[in-house]
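The letters A, B, C and D name the chains in turn, as written, and every chain counts its residues from 1.
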Amino acid sequence: MSNGLVKGNAYTLGSIEQGEPCCDPIPHFSINNLAVSYHNEMVLSNVSLEVYKGCITALIGPSGCGKSSFLTALNRLSDMVPGAEVSGDIVFEGENIFDASIDVRALRTKVGMIFQKPNPFPLSIRKNLELPLKEHGVRNKSEIESKIFDALQSVGLWDEVKDRLQSSALSLSGGQQQRLCIARALILEPSVLLMDEPCSALDPISSGIVEEMIQRLAGRYTIIIVTHNLAQARRIANYAAFFWMTERVGKLIEFGQCRPLFESPQHSLTAAYVSGEMG
Amino acid sequence: MAMIDRSFTIIIWIMAGLVLLAFGWLVSDVVVQGAPKLSWQFLMDEPTRSGREGGIYPIIVSTLLILMTALVVVLPLGLGSAIWLAEFSSKSSKRVRTTRLILDVLAGVPSIVFGLFGYAFFCGFLDLGFSILSGGLTLACMMLPILIRTTEAGLAAVPQDWRKAGAALGMSRTTLLWQVLLPYASPAITAGLLLSIGRATAETAALIFTSGYVDRMPESINDSGRALAVHIYDLSMNVVGGDKASYGSALVLILMVVIINLSASTLSEFWLEKKISRLK
Amino acid sequence: MSEFLSPPKNIDRWLGIGLSMLMGLVALLLILIVAFLASEAWPVIQGDSWARFFNSDGWYPLENKFGLLPMLWATLAVSVGAVVLAFPLGLGSAIFIEYYAPRVIGKPFSSVVTLLAGVPSVVFGLWGLTELVPLINNVHPPGASLLTAILVLTLMILPTISLTSRSALSSLPAHLLQNSAALALSKKSMIVGVLVPTASKGIVGGVLLALVRALGETMAVLMVAGNVVQTPSGLFDPVRVLTANIALEMAYATGEHRAALFASGLLLMVLVICVVWMTSRLSSGEVNGYD
Amino acid sequence: MLSKSLTLLLTLYIVFAGTAVVHAKGNTRLVLTGSSTVAPLALEMAKRFEKSHPGVRIDVQTGGSSRGVVDARTGRADIGMASRSLNQSESDLFSHTIAFDGISIILNKSNPINSLSNVQIQNIYTGKIRNWYQVGGPKMPITVVNKAEGRSTLELFLHHFGLKNSNIKASVIIGDNQQGIKTVSGNPGAIGYVSVGAAEFEEGYGTPIKLLPMSSPLSRPLNLITKQAPDGLAKQFILFAQSSEVNDLIEEQYFVSLAAPSK
């Protein structure tokens, strides 16, 4: 079931066989021996794991241990960071995303991303959703309308904004902005959502709403979420990956189903981190 | 604490006051001496007796044509270069650093050198003669560094978040640029454009040698035409008893700049409003 | 800053190539201008005869004396003086417009500043000559002096500093303001401690543009500076700047004299390159990374 | 919106520029370039000439005497204008005097001095006399206004008083006449020299300056310059400019016409 998991990573002690499987563990991403460096300085090395379809995978660990670098490698946003170099393999839906034949733009429509700080364009709410659609060739008016409706519905924003689609996206509250950003990613019908601390810039109530929404999206989408909020990871994630920095390089310490990882961690570092003794 | 804050506020107000005062002095000088000359006739007549009498109609037309010529060249060239610098080039590369150096140096070339260059290159080498076209091209050279620098700065100030968002949505830079970055940066771009237009309308030395001195109505941009600033300079420095008409023309030039500024900022605000919903 | 871009697809590549060609055209222009200057100045700079620009006593081209140094110092003194005065005023008025002025005042005030940018240098010169020079003459004759030139030039470059500073300040992200307000900073500390430093890159760029403009300004300085070739030793000394030298004498110069005037243009370019290079050294540094 | 209005403007412009190309340059065009002193006069002459010769266009450009000489030689202009005589290296060209420009010493009106001897003027300009009381005036420092190197008025002045430019201790150096007049009118202690006509006009107009009587008058010729002996339209225009038909124009610019040369 998880035969590829352990290879090349001595620290990955956890196994997903602990406990009941929460969803169909079909690999969506297979990451093998991934390393990221900036300006020849290694920040993440030797990461291998599999991300399962329709599951929520939480990436946890202290700041600076390479979680975000890992995340940006998955949609090749790392290409755009000056001095960044990525090595290893990431197989997504049967293709290595580092192959020369890969259309990066198409990849990014399949792998959506949500950032820590809500970043809607300084346009109207409607334009925020319309722009990516038009960019990817959707011209039909009624099709656009129905897609906007669907996207806003699925983030629970439709009722809140349906009367003011023309007003500025920046006039929304932080939580609404973040949900709009998620809707904007969803409107391209991705199969994966990468989320880089999507709630950390939000107030607790908005954060709760967004968190609830993420849970609703699970199943339909494969979600990989970086979070510093351990309780949140525990509440929503099916799988968890714990990163830690050793000798100034980020490493994957333990990966497995969420509950077992929190309740009976296999690695002493994990145990110390999740219990709050360290980190 | 409150004390410091208070005195800072006062200092800022005093500074603004000083600027206003100096400006008021300058402009009131021009208005007081120029207003008696100003009339519909002055605007609509041809100059006579070396400009001491008559009007400045052909000169206004020439000035606008020179400016238009310069803008037609400077807008694509300047905005294009700025966009390349800000969005399409790698900032740390040697080529970019050299280009920047070149631009800054270009901004410091004295206008008379531009004039002599235009005279040798556009009028002579390219055989455009003393014409509105030569003058406009010479002005364009002068405006370029200002427009490029300010546009580039405007684009650099656009939050990085939107570039990330665009990239993550698989959007092309071109779309992002046109839909988000340029509209957002448009106040800065407009400011730069106005700055360079101001410099162009105020230019004398570069135009004396290129667009020339002829004060009759230009029939085409291949004709020589006298710009307002050249007219003002000639009246105040070469024409005995030309001071009155000189101040009158200066007033017209200032009014012209006001009109250009107002329409440009209205236009850009309109564009901004249409594209960008910004919260302030 | 802007290196985090969407991936190029074809349209981006073509646009990039097109734009870089435009940029190349602009760069070519400067090279042309410098080549033009150099070729015109060539008769007096070839061989070792350029040395007389620096060791002649005085500038009497018709008597074969080509000392440029006094004018070089004068140019520096006038430009730096003007920037020293215009910088606080320009930045101050930008801060005024952005953070202090009520809307009814701020808008007209900012158009006044823009307007100032469009006043022809001849008008500045005329005003300086008929209003400022007599005034300063009362204090210390002859009135046309380093000080007058500095004052007139201050007004001329002020809009450049003010407008660029303002656009740098106005494009700061709104959360910066909120954040510093949340720290209960006073308005002054917020502006001086957070906002201005954050916008410093744009502001420095504007100051550079203004300094370079001051170095290159011709007509207005010519009319008020007195134009006596001497190393300035006081604010009331009449001085001649390099650009004024060109404008004053070009009309009548022939042969070596003409070439020497182009050489003073070339010297000015060298000066500008030094200034630009120094500023770029000062402001180079931080690279924005991700994560 | 912006792009639309820009497109509109651009289209208009191109239409205009297009008609421009159609307007071919006729061979009835004459280009004059050169001295900024002569240009306003030549421009008025040209206008009158155009009126009596329909179809002829005369473009007058300014930019200085040296430019006039160079442009005439290179053929960039049909006729050059110079407010000085040709020097030795330019003896291959032809010059045609159309008027004279006299030079006068001027003081500020408030200055009680009414005459100065040649020696006094020499001493003032060489810095041996630095205060007006030394020549019988009030205690007031002298502001010496001199012309920039290369100007024909400077050469004339130096020649007349037997001075060398490097010996002159100037307080202000000026370019054009009007700058000189404005400098002297704004400074009670100033002394300068400018075109007689300009000074007389300004004095009559109420500008606070006064002219000093000169022991012998100083004047410079205003010349039109051609590369070869003029023919055709250029010849017609030069003859016109030298004829009595334009005397009123010359007087209007406060120059001295050929009919009554001051030298």
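Note that in this section contacts are C-beta pairs under 8 Å (C-beta built on N, C-alpha and C of every residue); 3 or more make two chains touch, one makes a residue touch a chain.
Everything numeric here is computed off the predicted structure, so don't read it as measured data.
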Listing by label each chain that touches subunit B and subunit D gives C
By Cα centroid distance, the chain farthest from subunit C is A
Mind naming the chain pair that shares the most C-beta pairs in contact? B-C
What whole-number Å value describes the gap between the mean CA coordinates of subunit A and subunit D? 78
Whole-Å gap between the CA centroids of subunit C and subunit D: 32
Taking each chain's centre as its mean C-alpha position, how far apart are subunit A and subunit C in Å? 50
Could you tell me the distance, in whole angstrom, between the mean C-alpha positions of subunit B and subunit C? 15
Of all residues in subunit B, which are in touch with two or more distinct other chains? 90, 92, 159, 164, 167, 170-172, 236, 279
Set of subunit D residues in contact with two or more other chains: 36, 63, 67, 175, 179
Pull out every residue in subunit A that's touching 2 or more other chains. 80, 82, 104-105, 108
State the interface residues of subunit C toward subunit B in the complex, per the touch definition above. 1-9, 11-12, 15-16, 18-20, 22-23, 25-27, 29-33, 36-37, 40, 88-89, 92-93, 95-97, 100-101, 109, 111-124, 126-127, 130-131, 155, 158-160, 162-164, 166-168, 170-174, 186-189, 191-192, 201-202, 205, 208-209, 212-213, 215-219, 242-243, 246-247, 250, 262, 265, 268-269, 271-273, 275-277, 279-280, 287-288
In the complex with subunit D, residue positions of subunit C that touch it: 58-63, 65, 129-130, 133-134, 137, 141-144, 222-223, 226-229, 238, 240, 247-255, 257-258
Which residues of subunit D touch subunit C in their complex? 35-36, 63-67, 69-70, 84, 87, 89, 141, 143, 148-152, 164-166, 170-175, 179, 182-183, 186-190
Note: in the complex, subunit B contacts subunit A through residues 90, 92, 159, 161-162, 164-165, 167-172, 175, 179-180, 184, 275-279
Interfacial residue positions of subunit B with respect to subunit D in the complex: 49-51, 65, 68-69, 72, 75, 119, 123-124, 130, 133, 208-209, 212-216, 219-224, 234, 236-242, 267-268, 270-271, 274
